[in-house]
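The two complexes that follow have subunit A in common; it is paired with subunit B in the first and with subunit C in the second.
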Partner chain A sequence: MQLIQTGTVGAGGAANITFTGIPQTFTDLLILASCRSTFSGDVADMIYVNFNSAGTSNYANQQLANSGSFVFAFTGTEQVIGFTAAALSPASTFAVSSAYIPNYVVSTNKAVTIDAVSPSTTNSFGRMVGMRWTNTAAISSMVITPQAGNFVEFSTISLYGILRGSGGATVS
Partner chain B sequence: MPAGVPAWTPLANITLSANQASVTFSSISGAHRDLVLIVRSAISSSSNTYQVRFNGDASGSYNFAQMYRQSASSFFSNNSANQTRILFGVNGNTATVGNATGRLEIFDYATTNKHKQVLLRNDDQTSSTTELTMYRYAQTSAITSIEIVANNATNLVAGSTFALYGVAQ
Partner chain C sequence: MNVLKKIVVDCSTGVQEEIDLTPDEIADYEATQAQAQANQLAREAEVARIEALKTSAKAKLVAGEALTTEEAALLIG
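On to the complex of A and B.
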(Lines of atoms letter the chains of each structure in order from A and count residues from 1; the text may use other names and numbers.)
(Lines give C-alpha, C1' and ligand atoms only; values in the text may rest on other atoms or scores of the structure.)
Protein backbone atom coordinates (compact mmCIF):
# COMPACT_ATOMS: atom_id res chain seq x y z
CA MET A 1 0.00 0.00 0.00
CA GLN A 2 1.42 3.39 -0.99
CA LEU A 3 0.19 6.86 -0.24
CA ILE A 4 -0.71 8.68 -3.47
CA GLN A 5 -1.90 11.99 -2.08
CA THR A 6 -3.54 13.61 0.94
CA GLY A 7 -5.91 16.54 0.79
CA THR A 8 -6.34 18.57 3.99
CA VAL A 9 -8.78 21.45 4.29
CA GLY A 10 -7.32 24.70 5.55
CA ALA A 11 -8.76 27.67 7.36
CA GLY A 12 -11.96 28.86 5.78
CA GLY A 13 -13.10 25.43 4.70
CA ALA A 14 -13.46 24.00 1.20
CA ALA A 15 -16.22 22.90 -1.12
CA ASN A 16 -14.37 19.76 -2.17
CA ILE A 17 -11.21 17.69 -2.00
CA THR A 18 -10.01 16.66 -5.45
CA PHE A 19 -7.59 14.02 -6.69
CA THR A 20 -6.46 14.30 -10.29
CA GLY A 21 -3.91 12.45 -12.35
CA ILE A 22 -4.40 9.28 -10.31
CA PRO A 23 -1.62 6.89 -11.34
CA GLN A 24 -2.87 3.96 -13.36
CA THR A 25 -0.11 1.71 -12.10
CA PHE A 26 -1.80 0.27 -9.03
CA THR A 27 -4.39 -2.49 -8.79
CA ASP A 28 -6.76 -1.16 -6.14
CA LEU A 29 -7.42 2.13 -4.37
CA LEU A 30 -8.16 2.84 -0.72
CA ILE A 31 -9.67 6.12 0.47
CA LEU A 32 -9.42 7.03 4.14
CA ALA A 33 -11.39 10.10 5.18
CA SER A 34 -11.74 12.11 8.38
CA CYS A 35 -14.30 14.80 7.72
CA ARG A 36 -16.64 17.37 9.17
CA SER A 37 -19.01 19.63 7.23
CA THR A 38 -20.95 22.83 7.78
CA PHE A 39 -24.33 21.14 7.10
CA SER A 40 -26.58 22.36 9.88
CA GLY A 41 -29.41 19.85 9.48
CA ASP A 42 -28.02 16.76 11.17
CA VAL A 43 -25.14 15.18 13.10
CA ALA A 44 -23.76 13.49 9.98
CA ASP A 45 -24.15 13.44 6.24
CA MET A 46 -22.95 11.60 3.16
CA ILE A 47 -19.85 12.41 1.15
CA TYR A 48 -20.19 12.18 -2.62
CA VAL A 49 -17.69 11.30 -5.30
CA ASN A 50 -17.65 12.25 -8.95
CA PHE A 51 -15.34 9.81 -10.74
CA ASN A 52 -13.60 11.28 -13.81
CA SER A 53 -16.00 14.28 -13.69
CA ALA A 54 -18.42 11.97 -15.48
CA GLY A 55 -21.47 13.31 -13.67
CA THR A 56 -23.83 11.96 -11.04
CA SER A 57 -25.57 9.21 -12.99
CA ASN A 58 -24.84 5.48 -12.99
CA TYR A 59 -24.33 5.11 -9.25
CA ALA A 60 -26.22 2.71 -6.99
CA ASN A 61 -25.79 1.83 -3.35
CA GLN A 62 -27.19 -0.38 -0.64
CA GLN A 63 -26.68 0.51 3.01
CA LEU A 64 -27.05 -1.04 6.44
CA ALA A 65 -26.97 1.60 9.10
CA ASN A 66 -27.49 2.36 12.73
CA SER A 67 -28.26 5.62 14.43
CA GLY A 68 -28.08 5.37 18.18
CA SER A 69 -29.97 2.15 18.94
CA PHE A 70 -32.00 2.25 15.73
CA VAL A 71 -31.01 -0.01 12.82
CA PHE A 72 -32.25 0.47 9.30
CA ALA A 73 -31.42 -0.32 5.70
CA PHE A 74 -32.02 1.44 2.43
CA THR A 75 -31.09 1.54 -1.22
CA GLY A 76 -30.24 4.63 -3.21
CA THR A 77 -28.66 6.12 -6.30
CA GLU A 78 -26.36 8.57 -4.54
CA GLN A 79 -22.67 8.51 -5.42
CA VAL A 80 -21.71 7.96 -1.79
CA ILE A 81 -18.04 7.37 -0.99
CA GLY A 82 -18.07 8.07 2.75
CA PHE A 83 -19.58 10.10 5.54
CA THR A 84 -18.88 13.34 7.32
CA ALA A 85 -19.76 14.60 10.77
CA ALA A 86 -21.97 17.64 10.42
CA ALA A 87 -22.65 20.80 12.39
CA LEU A 88 -24.98 19.22 14.96
CA SER A 89 -22.35 16.72 16.10
CA PRO A 90 -20.18 17.57 19.12
CA ALA A 91 -17.43 20.06 18.54
CA SER A 92 -14.16 18.66 17.19
CA THR A 93 -15.91 15.48 16.04
CA PHE A 94 -14.97 14.14 12.62
CA ALA A 95 -16.49 11.07 10.98
CA VAL A 96 -14.09 8.44 9.65
CA SER A 97 -14.67 6.44 6.48
CA SER A 98 -12.84 3.74 4.58
CA ALA A 99 -13.65 3.09 0.91
CA TYR A 100 -11.96 0.24 -0.99
CA ILE A 101 -12.04 0.19 -4.80
CA PRO A 102 -10.61 -2.99 -6.33
CA ASN A 103 -9.52 -3.09 -9.97
CA TYR A 104 -10.03 0.62 -10.60
CA VAL A 105 -8.30 0.53 -14.00
CA VAL A 106 -9.98 -2.62 -15.33
CA SER A 107 -12.70 -2.15 -17.94
CA THR A 108 -15.59 -3.47 -15.87
CA ASN A 109 -18.02 -1.79 -13.51
CA LYS A 110 -16.49 -0.51 -10.26
CA ALA A 111 -17.74 -1.94 -6.95
CA VAL A 112 -16.79 -0.02 -3.80
CA THR A 113 -16.95 -1.24 -0.18
CA ILE A 114 -17.45 1.57 2.33
CA ASP A 115 -17.45 1.52 6.13
CA ALA A 116 -17.95 4.59 8.28
CA VAL A 117 -18.54 5.71 11.82
CA SER A 118 -19.41 9.09 13.29
CA PRO A 119 -19.39 9.27 17.07
CA SER A 120 -21.75 11.59 18.86
CA THR A 121 -23.13 12.10 22.34
CA THR A 122 -26.55 10.51 21.87
CA ASN A 123 -26.78 9.70 18.20
CA SER A 124 -23.63 7.98 16.97
CA PHE A 125 -23.94 6.20 13.69
CA GLY A 126 -22.24 3.45 11.72
CA ARG A 127 -22.70 2.57 8.07
CA MET A 128 -21.89 -0.37 5.85
CA VAL A 129 -22.28 0.50 2.19
CA GLY A 130 -21.85 -1.30 -1.09
CA MET A 131 -21.68 1.13 -3.98
CA ARG A 132 -21.42 0.48 -7.71
CA TRP A 133 -20.40 2.85 -10.46
CA THR A 134 -21.76 1.42 -13.71
CA ASN A 135 -18.94 2.63 -15.91
CA THR A 136 -16.08 0.67 -17.42
CA ALA A 137 -13.62 3.57 -17.61
CA ALA A 138 -10.46 3.51 -15.50
CA ILE A 139 -10.68 5.93 -12.59
CA SER A 140 -8.26 8.79 -13.11
CA SER A 141 -9.76 11.53 -10.95
CA MET A 142 -12.15 12.09 -8.06
CA VAL A 143 -13.95 15.17 -6.84
CA ILE A 144 -15.19 14.53 -3.32
CA THR A 145 -17.82 16.82 -1.80
CA PRO A 146 -20.13 16.80 1.20
CA GLN A 147 -23.76 16.21 0.30
CA ALA A 148 -24.54 19.66 1.69
CA GLY A 149 -22.40 22.54 2.88
CA ASN A 150 -18.62 22.62 2.83
CA PHE A 151 -15.83 20.69 4.49
CA VAL A 152 -14.47 22.45 7.55
CA GLU A 153 -10.83 23.04 8.42
CA PHE A 154 -8.83 19.90 9.30
CA SER A 155 -11.00 17.60 7.20
CA THR A 156 -8.59 15.16 5.56
CA ILE A 157 -8.88 12.60 2.81
CA SER A 158 -5.98 10.33 1.85
CA LEU A 159 -5.76 8.23 -1.29
CA TYR A 160 -3.67 5.05 -1.30
CA GLY A 161 -2.69 2.72 -4.11
CA ILE A 162 -2.41 -1.02 -3.60
CA LEU A 163 -0.44 -3.13 -6.02
CA ARG A 164 -1.11 -6.78 -6.56
CA GLY A 165 1.94 -9.01 -6.73
CA SER A 166 3.47 -12.38 -6.02
CA GLY A 167 6.35 -14.11 -4.33
CA GLY A 168 4.75 -14.89 -0.98
CA ALA A 169 2.40 -17.71 -1.91
CA THR A 170 1.36 -19.97 -4.77
CA VAL A 171 -2.07 -19.67 -6.36
CA SER A 172 -3.93 -21.76 -8.90
CA MET B 1 1.49 6.86 6.38
CA PRO B 2 4.70 7.83 4.62
CA ALA B 3 4.75 7.31 0.90
CA GLY B 4 6.63 4.25 -0.26
CA VAL B 5 6.39 2.36 3.04
CA PRO B 6 4.48 -0.83 2.29
CA ALA B 7 1.99 -1.79 4.97
CA TRP B 8 0.61 -4.48 2.69
CA THR B 9 2.95 -6.92 0.95
CA PRO B 10 1.46 -8.54 -2.15
CA LEU B 11 1.81 -12.31 -1.84
CA ALA B 12 -0.04 -13.77 -4.83
CA ASN B 13 -2.87 -13.03 -7.19
CA ILE B 14 -4.81 -14.60 -10.02
CA THR B 15 -7.21 -13.42 -12.70
CA LEU B 16 -9.22 -16.28 -14.11
CA SER B 17 -8.91 -16.73 -17.86
CA ALA B 18 -11.73 -19.26 -17.86
CA ASN B 19 -14.43 -20.42 -15.49
CA GLN B 20 -13.12 -22.72 -12.79
CA ALA B 21 -14.55 -24.32 -9.69
CA SER B 22 -12.05 -23.05 -7.14
CA VAL B 23 -8.96 -20.99 -6.40
CA THR B 24 -6.32 -22.06 -3.87
CA PHE B 25 -3.55 -20.04 -2.28
CA SER B 26 -0.88 -22.36 -0.89
CA SER B 27 2.62 -22.15 0.59
CA ILE B 28 1.60 -18.86 2.20
CA SER B 29 4.57 -17.08 3.74
CA GLY B 30 4.42 -16.91 7.54
CA ALA B 31 6.40 -13.68 7.70
CA HIS B 32 3.48 -11.31 8.27
CA ARG B 33 1.08 -10.50 11.06
CA ASP B 34 -2.24 -10.69 9.23
CA LEU B 35 -3.56 -11.55 5.79
CA VAL B 36 -5.98 -9.63 3.59
CA LEU B 37 -7.77 -11.44 0.75
CA ILE B 38 -9.53 -9.29 -1.83
CA VAL B 39 -12.13 -11.08 -3.93
CA ARG B 40 -13.67 -9.46 -6.98
CA SER B 41 -15.61 -12.26 -8.50
CA ALA B 42 -18.79 -13.63 -9.90
CA ILE B 43 -20.42 -17.06 -9.84
CA SER B 44 -21.69 -18.76 -12.97
CA SER B 45 -25.05 -19.48 -11.41
CA SER B 46 -26.20 -16.60 -9.27
CA SER B 47 -27.91 -17.08 -5.94
CA ASN B 48 -24.94 -19.19 -4.91
CA THR B 49 -22.23 -18.43 -2.41
CA TYR B 50 -18.51 -18.81 -1.87
CA GLN B 51 -17.03 -21.32 0.53
CA VAL B 52 -13.62 -20.62 2.08
CA ARG B 53 -11.51 -23.16 3.96
CA PHE B 54 -8.15 -22.89 5.67
CA ASN B 55 -5.56 -25.65 5.31
CA GLY B 56 -8.18 -27.83 3.60
CA ASP B 57 -9.95 -28.08 6.95
CA ALA B 58 -13.59 -29.16 6.54
CA SER B 59 -14.13 -29.99 10.19
CA GLY B 60 -16.61 -28.00 12.26
CA SER B 61 -14.05 -25.38 13.27
CA TYR B 62 -15.68 -22.23 11.88
CA ASN B 63 -17.90 -20.15 14.18
CA PHE B 64 -19.50 -16.87 13.19
CA ALA B 65 -21.64 -13.87 14.03
CA GLN B 66 -22.93 -11.60 11.30
CA MET B 67 -25.22 -8.80 10.29
CA TYR B 68 -26.44 -8.25 6.78
CA ARG B 69 -29.14 -6.72 4.65
CA GLN B 70 -30.94 -8.22 1.69
CA SER B 71 -33.20 -5.26 0.89
CA ALA B 72 -34.34 -1.98 2.39
CA SER B 73 -36.83 -3.83 4.55
CA SER B 74 -34.90 -7.02 5.18
CA PHE B 75 -31.90 -7.03 7.45
CA PHE B 76 -30.72 -9.59 9.95
CA SER B 77 -28.21 -10.66 12.48
CA ASN B 78 -27.22 -14.27 12.79
CA ASN B 79 -24.70 -16.53 14.51
CA SER B 80 -23.78 -20.17 14.45
CA ALA B 81 -21.01 -22.50 15.56
CA ASN B 82 -19.19 -25.55 14.29
CA GLN B 83 -19.57 -24.80 10.61
CA THR B 84 -17.45 -26.71 8.08
CA ARG B 85 -16.43 -23.62 6.08
CA ILE B 86 -16.57 -19.85 5.87
CA LEU B 87 -19.49 -18.78 3.75
CA PHE B 88 -19.95 -15.39 2.16
CA GLY B 89 -22.58 -13.97 -0.06
CA VAL B 90 -25.56 -14.57 2.16
CA ASN B 91 -28.07 -13.72 -0.52
CA GLY B 92 -26.24 -15.21 -3.43
CA ASN B 93 -23.71 -13.58 -5.68
CA THR B 94 -23.79 -11.81 -8.98
CA ALA B 95 -22.94 -13.50 -12.25
CA THR B 96 -21.29 -10.28 -13.48
CA VAL B 97 -17.71 -9.46 -12.56
CA GLY B 98 -17.52 -5.89 -11.32
CA ASN B 99 -20.80 -5.85 -9.44
CA ALA B 100 -19.51 -7.31 -6.19
CA THR B 101 -16.46 -7.21 -3.98
CA GLY B 102 -15.40 -9.11 -0.86
CA ARG B 103 -12.61 -8.64 1.66
CA LEU B 104 -11.41 -11.10 4.28
CA GLU B 105 -9.03 -9.91 6.99
CA ILE B 106 -7.39 -12.85 8.72
CA PHE B 107 -5.72 -11.86 11.95
CA ASP B 108 -2.68 -13.61 13.48
CA TYR B 109 -2.78 -16.23 10.72
CA ALA B 110 0.75 -17.53 11.32
CA THR B 111 0.54 -17.96 15.08
CA THR B 112 0.43 -21.40 16.68
CA ASN B 113 -1.05 -20.35 20.01
CA LYS B 114 -4.27 -18.59 18.94
CA HIS B 115 -7.52 -19.32 17.21
CA LYS B 116 -7.76 -17.20 14.07
CA GLN B 117 -10.19 -14.28 13.86
CA VAL B 118 -11.58 -13.31 10.46
CA LEU B 119 -13.43 -10.14 9.55
CA LEU B 120 -15.37 -10.48 6.33
CA ARG B 121 -17.03 -7.68 4.35
CA ASN B 122 -19.00 -8.52 1.25
CA ASP B 123 -21.16 -6.35 -0.99
CA ASP B 124 -23.12 -7.48 -4.02
CA GLN B 125 -24.98 -4.85 -5.98
CA THR B 126 -26.99 -7.36 -8.01
CA SER B 127 -28.58 -8.92 -4.93
CA SER B 128 -28.54 -5.59 -3.03
CA THR B 129 -26.66 -7.30 -0.22
CA THR B 130 -24.13 -5.92 2.20
CA GLU B 131 -22.77 -8.03 5.01
CA LEU B 132 -20.31 -7.98 7.88
CA THR B 133 -19.35 -11.34 9.38
CA MET B 134 -16.89 -12.20 12.09
CA TYR B 135 -15.52 -15.75 12.12
CA ARG B 136 -13.43 -17.60 14.67
CA TYR B 137 -11.45 -20.44 13.14
CA ALA B 138 -11.00 -22.67 16.17
CA GLN B 139 -7.59 -24.07 15.34
CA THR B 140 -4.19 -22.97 16.64
CA SER B 141 -2.23 -24.24 13.64
CA ALA B 142 -0.81 -21.62 11.30
CA ILE B 143 -2.76 -20.99 8.10
CA THR B 144 -0.66 -21.99 5.12
CA SER B 145 -3.38 -22.39 2.49
CA ILE B 146 -6.71 -20.79 1.62
CA GLU B 147 -9.24 -22.35 -0.75
CA ILE B 148 -12.15 -20.45 -2.29
CA VAL B 149 -14.82 -22.63 -3.88
CA ALA B 150 -18.00 -21.75 -5.73
CA ASN B 151 -20.90 -23.44 -3.98
CA ASN B 152 -23.21 -26.12 -5.40
CA ALA B 153 -20.95 -27.22 -8.25
CA THR B 154 -21.06 -23.79 -9.86
CA ASN B 155 -17.97 -21.97 -11.15
CA LEU B 156 -15.98 -18.86 -10.47
CA VAL B 157 -16.39 -16.78 -13.61
CA ALA B 158 -13.61 -15.81 -16.04
CA GLY B 159 -12.33 -12.33 -15.24
CA SER B 160 -12.69 -12.85 -11.49
CA THR B 161 -9.67 -11.70 -9.50
CA PHE B 162 -8.29 -12.92 -6.20
CA ALA B 163 -5.40 -11.14 -4.48
CA LEU B 164 -3.65 -12.02 -1.21
CA TYR B 165 -1.63 -9.55 0.88
CA GLY B 166 0.41 -9.83 4.03
CA VAL B 167 0.04 -7.08 6.62
CA ALA B 168 3.29 -5.95 8.22
CA GLN B 169 4.25 -7.00 11.73
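On to the complex of A and C.
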Protein backbone atom coordinates (compact mmCIF):
# COMPACT_ATOMS: atom_id res chain seq x y z
CA MET A 1 0.00 0.00 0.00
CA GLN A 2 1.36 3.44 -0.92
CA LEU A 3 0.20 6.87 0.14
CA ILE A 4 -0.74 8.87 -2.95
CA GLN A 5 -1.66 12.15 -1.28
CA THR A 6 -3.36 13.63 1.78
CA GLY A 7 -5.69 16.59 1.77
CA THR A 8 -5.75 18.60 5.00
CA VAL A 9 -8.24 21.32 5.87
CA GLY A 10 -6.78 24.56 7.20
CA ALA A 11 -8.05 27.20 9.59
CA GLY A 12 -10.71 28.55 7.24
CA GLY A 13 -12.49 25.23 6.76
CA ALA A 14 -13.40 23.85 3.33
CA ALA A 15 -16.48 22.97 1.34
CA ASN A 16 -14.80 19.91 -0.12
CA ILE A 17 -11.51 18.10 -0.63
CA THR A 18 -10.76 17.31 -4.26
CA PHE A 19 -8.17 14.87 -5.58
CA THR A 20 -7.15 15.32 -9.20
CA GLY A 21 -4.68 13.44 -11.35
CA ILE A 22 -5.15 10.15 -9.50
CA PRO A 23 -2.47 7.80 -10.87
CA GLN A 24 -3.81 4.90 -12.90
CA THR A 25 -0.97 2.56 -11.95
CA PHE A 26 -2.47 0.85 -8.91
CA THR A 27 -5.01 -1.95 -8.68
CA ASP A 28 -7.20 -0.66 -5.86
CA LEU A 29 -7.74 2.56 -3.93
CA LEU A 30 -8.20 3.09 -0.21
CA ILE A 31 -9.59 6.33 1.21
CA LEU A 32 -8.97 7.00 4.90
CA ALA A 33 -10.80 9.97 6.36
CA SER A 34 -10.74 11.72 9.72
CA CYS A 35 -13.38 14.41 9.47
CA ARG A 36 -15.54 16.84 11.34
CA SER A 37 -18.13 19.18 9.80
CA THR A 38 -19.98 22.33 10.81
CA PHE A 39 -23.41 20.69 10.39
CA SER A 40 -25.39 21.73 13.45
CA GLY A 41 -28.24 19.27 13.12
CA ASP A 42 -26.67 16.05 14.34
CA VAL A 43 -23.67 14.35 15.98
CA ALA A 44 -22.58 12.79 12.69
CA ASP A 45 -23.25 13.01 8.98
CA MET A 46 -22.41 11.28 5.74
CA ILE A 47 -19.75 12.47 3.37
CA TYR A 48 -20.25 12.17 -0.36
CA VAL A 49 -18.05 11.58 -3.37
CA ASN A 50 -18.33 12.71 -6.95
CA PHE A 51 -16.08 10.52 -9.08
CA ASN A 52 -14.58 12.19 -12.16
CA SER A 53 -16.98 15.16 -11.67
CA ALA A 54 -19.48 12.95 -13.48
CA GLY A 55 -22.44 14.13 -11.43
CA THR A 56 -24.38 12.71 -8.53
CA SER A 57 -26.55 10.18 -10.32
CA ASN A 58 -25.80 6.49 -10.98
CA TYR A 59 -24.98 5.80 -7.34
CA ALA A 60 -26.71 3.29 -5.06
CA ASN A 61 -25.99 2.22 -1.51
CA GLN A 62 -27.03 -0.29 1.12
CA GLN A 63 -26.31 0.74 4.70
CA LEU A 64 -26.21 -1.08 8.00
CA ALA A 65 -26.24 1.53 10.72
CA ASN A 66 -26.36 1.90 14.45
CA SER A 67 -27.24 4.79 16.67
CA GLY A 68 -26.54 3.78 20.23
CA SER A 69 -28.28 0.43 20.68
CA PHE A 70 -30.65 1.01 17.77
CA VAL A 71 -29.66 -0.88 14.62
CA PHE A 72 -31.26 -0.27 11.27
CA ALA A 73 -30.66 -0.82 7.59
CA PHE A 74 -31.70 1.12 4.55
CA THR A 75 -30.95 1.66 0.90
CA GLY A 76 -30.45 4.92 -0.91
CA THR A 77 -29.07 6.63 -3.96
CA GLU A 78 -26.61 8.91 -2.23
CA GLN A 79 -22.96 8.74 -3.24
CA VAL A 80 -21.73 7.87 0.26
CA ILE A 81 -17.98 7.50 0.76
CA GLY A 82 -17.67 7.96 4.51
CA PHE A 83 -18.80 9.62 7.69
CA THR A 84 -17.97 12.85 9.46
CA ALA A 85 -18.49 13.94 13.05
CA ALA A 86 -20.77 16.98 13.14
CA ALA A 87 -21.21 19.96 15.43
CA LEU A 88 -23.27 18.14 18.09
CA SER A 89 -20.54 15.55 18.70
CA PRO A 90 -18.02 16.10 21.51
CA ALA A 91 -15.65 18.97 20.84
CA SER A 92 -12.46 18.18 18.91
CA THR A 93 -13.83 14.75 17.99
CA PHE A 94 -13.52 13.47 14.43
CA ALA A 95 -15.22 10.52 12.77
CA VAL A 96 -13.08 7.93 11.04
CA SER A 97 -13.94 6.23 7.77
CA SER A 98 -12.30 3.82 5.39
CA ALA A 99 -13.51 3.23 1.85
CA TYR A 100 -12.01 0.52 -0.36
CA ILE A 101 -12.38 0.69 -4.12
CA PRO A 102 -11.11 -2.41 -5.91
CA ASN A 103 -10.28 -2.34 -9.61
CA TYR A 104 -10.72 1.40 -9.96
CA VAL A 105 -9.15 1.54 -13.44
CA VAL A 106 -10.92 -1.52 -14.86
CA SER A 107 -13.78 -0.98 -17.32
CA THR A 108 -16.46 -2.25 -14.97
CA ASN A 109 -18.95 -0.61 -12.68
CA LYS A 110 -17.28 0.39 -9.42
CA ALA A 111 -18.11 -1.13 -6.04
CA VAL A 112 -17.02 0.44 -2.77
CA THR A 113 -17.02 -0.96 0.76
CA ILE A 114 -17.13 1.58 3.57
CA ASP A 115 -16.69 1.31 7.34
CA ALA A 116 -17.19 4.34 9.53
CA VAL A 117 -17.70 5.33 13.15
CA SER A 118 -18.35 8.63 14.86
CA PRO A 119 -17.96 8.63 18.64
CA SER A 120 -20.36 10.50 20.86
CA THR A 121 -20.76 10.98 24.60
CA THR A 122 -24.14 9.23 24.53
CA ASN A 123 -24.41 7.41 21.22
CA SER A 124 -21.73 6.35 18.82
CA PHE A 125 -22.76 6.16 15.20
CA GLY A 126 -21.46 3.27 13.15
CA ARG A 127 -22.00 2.46 9.51
CA MET A 128 -21.17 -0.36 7.15
CA VAL A 129 -21.97 0.57 3.58
CA GLY A 130 -21.85 -1.06 0.20
CA MET A 131 -21.90 1.53 -2.53
CA ARG A 132 -22.05 1.11 -6.30
CA TRP A 133 -21.19 3.63 -8.98
CA THR A 134 -22.72 2.52 -12.25
CA ASN A 135 -19.99 3.81 -14.51
CA THR A 136 -17.21 1.87 -16.22
CA ALA A 137 -14.75 4.76 -16.45
CA ALA A 138 -11.46 4.59 -14.59
CA ILE A 139 -11.46 6.84 -11.54
CA SER A 140 -9.11 9.75 -12.11
CA SER A 141 -10.49 12.34 -9.71
CA MET A 142 -12.85 12.65 -6.80
CA VAL A 143 -14.59 15.50 -4.99
CA ILE A 144 -15.39 14.64 -1.37
CA THR A 145 -18.02 16.77 0.34
CA PRO A 146 -19.87 16.65 3.67
CA GLN A 147 -23.59 16.11 3.20
CA ALA A 148 -24.22 19.37 5.06
CA GLY A 149 -21.98 22.16 6.29
CA ASN A 150 -18.25 22.33 5.67
CA PHE A 151 -15.19 20.39 6.80
CA VAL A 152 -13.47 22.01 9.76
CA GLU A 153 -9.78 22.56 10.37
CA PHE A 154 -7.70 19.39 10.87
CA SER A 155 -10.06 17.25 8.81
CA THR A 156 -7.91 15.01 6.65
CA ILE A 157 -8.55 12.62 3.80
CA SER A 158 -5.74 10.36 2.62
CA LEU A 159 -5.73 8.48 -0.65
CA TYR A 160 -3.74 5.26 -0.87
CA GLY A 161 -2.97 3.07 -3.84
CA ILE A 162 -2.75 -0.69 -3.52
CA LEU A 163 -0.96 -2.83 -6.06
CA ARG A 164 -1.73 -6.53 -5.81
CA GLY A 165 1.21 -8.89 -5.78
CA SER A 166 1.65 -12.60 -5.30
CA GLY A 167 1.48 -13.63 -1.63
CA GLY A 168 0.26 -10.16 -0.70
CA ALA A 169 3.61 -8.57 -1.52
CA THR A 170 3.82 -5.07 -2.89
CA VAL A 171 5.08 -5.03 -6.45
CA SER A 172 6.99 -1.92 -7.31
CA MET B 1 -16.38 31.15 6.52
CA ASN B 2 -17.22 34.15 4.35
CA VAL B 3 -16.00 32.67 1.10
CA LEU B 4 -16.50 29.01 0.34
CA LYS B 5 -13.23 27.33 -0.47
CA LYS B 6 -12.20 23.88 -1.61
CA ILE B 7 -8.99 21.98 -1.01
CA VAL B 8 -7.59 20.69 -4.29
CA VAL B 9 -4.83 18.09 -4.15
CA ASP B 10 -3.08 17.37 -7.44
CA CYS B 11 -1.92 13.78 -7.04
CA SER B 12 0.50 14.10 -9.96
CA THR B 13 2.45 16.95 -8.37
CA GLY B 14 1.58 16.71 -4.68
CA VAL B 15 0.54 20.35 -4.64
CA GLN B 16 -2.36 21.24 -2.34
CA GLU B 17 -4.21 24.49 -2.96
CA GLU B 18 -7.06 26.34 -1.28
CA ILE B 19 -9.29 27.69 -4.03
CA ASP B 20 -12.47 29.76 -3.91
CA LEU B 21 -15.55 28.00 -5.26
CA THR B 22 -16.89 29.45 -8.49
CA PRO B 23 -20.48 30.78 -8.53
CA ASP B 24 -21.58 27.64 -10.38
CA GLU B 25 -19.85 25.42 -7.84
CA ILE B 26 -21.49 27.35 -5.00
CA ALA B 27 -24.90 26.88 -6.62
CA ASP B 28 -24.27 23.14 -7.06
CA TYR B 29 -22.96 22.88 -3.51
CA GLU B 30 -26.02 24.59 -2.03
CA ALA B 31 -28.44 22.55 -4.14
CA THR B 32 -26.74 19.30 -3.19
CA GLN B 33 -26.77 20.14 0.48
CA ALA B 34 -30.44 21.16 0.40
CA GLN B 35 -31.39 17.86 -1.25
CA ALA B 36 -29.18 15.91 1.12
CA GLN B 37 -30.79 17.48 4.15
CA ALA B 38 -34.25 16.72 2.76
CA ASN B 39 -33.16 13.10 2.27
CA GLN B 40 -31.89 12.91 5.83
CA LEU B 41 -35.08 14.37 7.27
CA ALA B 42 -37.09 11.80 5.35
CA ARG B 43 -34.84 9.02 6.59
CA GLU B 44 -35.11 10.22 10.20
CA ALA B 45 -38.89 10.35 9.88
CA GLU B 46 -38.90 6.79 8.61
CA VAL B 47 -36.70 5.63 11.48
CA ALA B 48 -39.05 7.33 13.96
CA ARG B 49 -42.06 5.71 12.28
CA ILE B 50 -40.50 2.27 12.54
CA GLU B 51 -39.55 2.81 16.18
CA ALA B 52 -43.14 3.79 16.94
CA LEU B 53 -44.42 0.68 15.17
CA LYS B 54 -42.04 -1.54 17.14
CA THR B 55 -43.14 0.03 20.40
CA SER B 56 -46.78 -0.49 19.46
CA ALA B 57 -46.14 -4.06 18.36
CA LYS B 58 -44.39 -4.97 21.61
CA ALA B 59 -47.19 -3.44 23.67
CA LYS B 60 -49.82 -5.34 21.68
CA LEU B 61 -47.87 -8.58 22.03
CA VAL B 62 -47.70 -8.20 25.80
CA ALA B 63 -51.39 -7.30 25.99
CA GLY B 64 -52.38 -10.18 23.76
CA GLU B 65 -53.82 -7.90 21.12
CA ALA B 66 -53.72 -8.41 17.37
CA LEU B 67 -50.74 -6.93 15.50
CA THR B 68 -50.98 -5.39 12.07
CA THR B 69 -49.14 -7.19 9.28
CA GLU B 70 -46.45 -4.49 9.26
CA GLU B 71 -45.98 -4.70 13.04
CA ALA B 72 -45.62 -8.47 12.87
CA ALA B 73 -43.07 -8.20 10.07
CA LEU B 74 -40.99 -5.74 12.12
CA LEU B 75 -40.82 -8.11 15.05
CA ILE B 76 -40.14 -11.37 13.28
CA GLY B 77 -39.10 -10.37 9.75
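Annotations for the structure displayed:
Note that in this section the second predicted complex is superposed on the first by the 166 of 172 C-alpha atoms of A that agree within 3 Å, B and C clash if a C-alpha of one lies under 4 Å from a C-alpha of the other, contacts with A are read in each partner's own complex, and residues count from 1 in each chain.
Here is the rule we use: contacts are C-beta pairs under 8 Å (C-beta built on N, C-alpha and C of every residue); 3 or more make two chains touch, one makes a residue touch a chain.
Only a predicted model underlies this, so the values are computations on that prediction, with no experimental measurement involved.
Subunit B and subunit C, once both complexes are superposed via subunit A, fit side by side. Contacts of A:Thr8 after superposition: subunit C is touched, whereas subunit B is not reached.
When the two structures are aligned on the shared chain, A:Val129 is found in touch with subunit B, with no touch to subunit C. By the touch criterion defined above, A:Asn58 reaches neither subunit B nor subunit C. When both complexes are overlaid on chain A, the residue A:Thr93 reaches neither subunit B nor subunit C. Contact with subunit B, but none with subunit C, is seen for A:Pro102 once the two complexes are overlaid on the shared chain.
Taking the C-alpha centre of subunit A as the apex, the lines running to the C-alpha centres of subunit B and subunit C meet at 110 degrees, rounded to a multiple of 10. In the superposed model, A:Arg164 makes contact with subunit B only, not with subunit C.
When both complexes are overlaid on chain A, the residue A:Asn150 reaches subunit C alone and has no touch with subunit B.
Using the contact criterion defined above for the overlaid structures, shared-chain residue A:Phe74 touches subunit B and also reaches subunit C. In the superposition on chain A, A:Ser34 makes contact with neither subunit B nor subunit C. Closest CA pair between subunit B and subunit C after superposition: 6 Å apart.
Shared contact residues of subunit A with subunit B and subunit C: 4, 72, 74. Those residues of subunit B that touch subunit A in the shared complex are 1-14, 23-29, 31-32, 38, 40, 67-69, 71-75, 96-101, 103, 121, 123-125, 128-132, 159, 161-166.
Residue ranges of subunit A in contact with subunit B, taken from their complex: 1-4, 27-28, 60, 62-64, 71-75, 100, 102-103, 106, 108-113, 115, 128-132, 136, 158, 160, 162-172. Taken together, the subunit A residues at the contact with subunit C in this complex read 4-10, 12-23, 41-42, 45-46, 48, 56, 70, 72, 74, 76, 78, 143, 145, 147-151, 159. By the touch criterion stated above, subunit C contacts subunit A in their complex at residues 1, 4-14, 16, 18, 21, 29, 32-33, 36-37, 39-40, 43, 46-47, 50-51.
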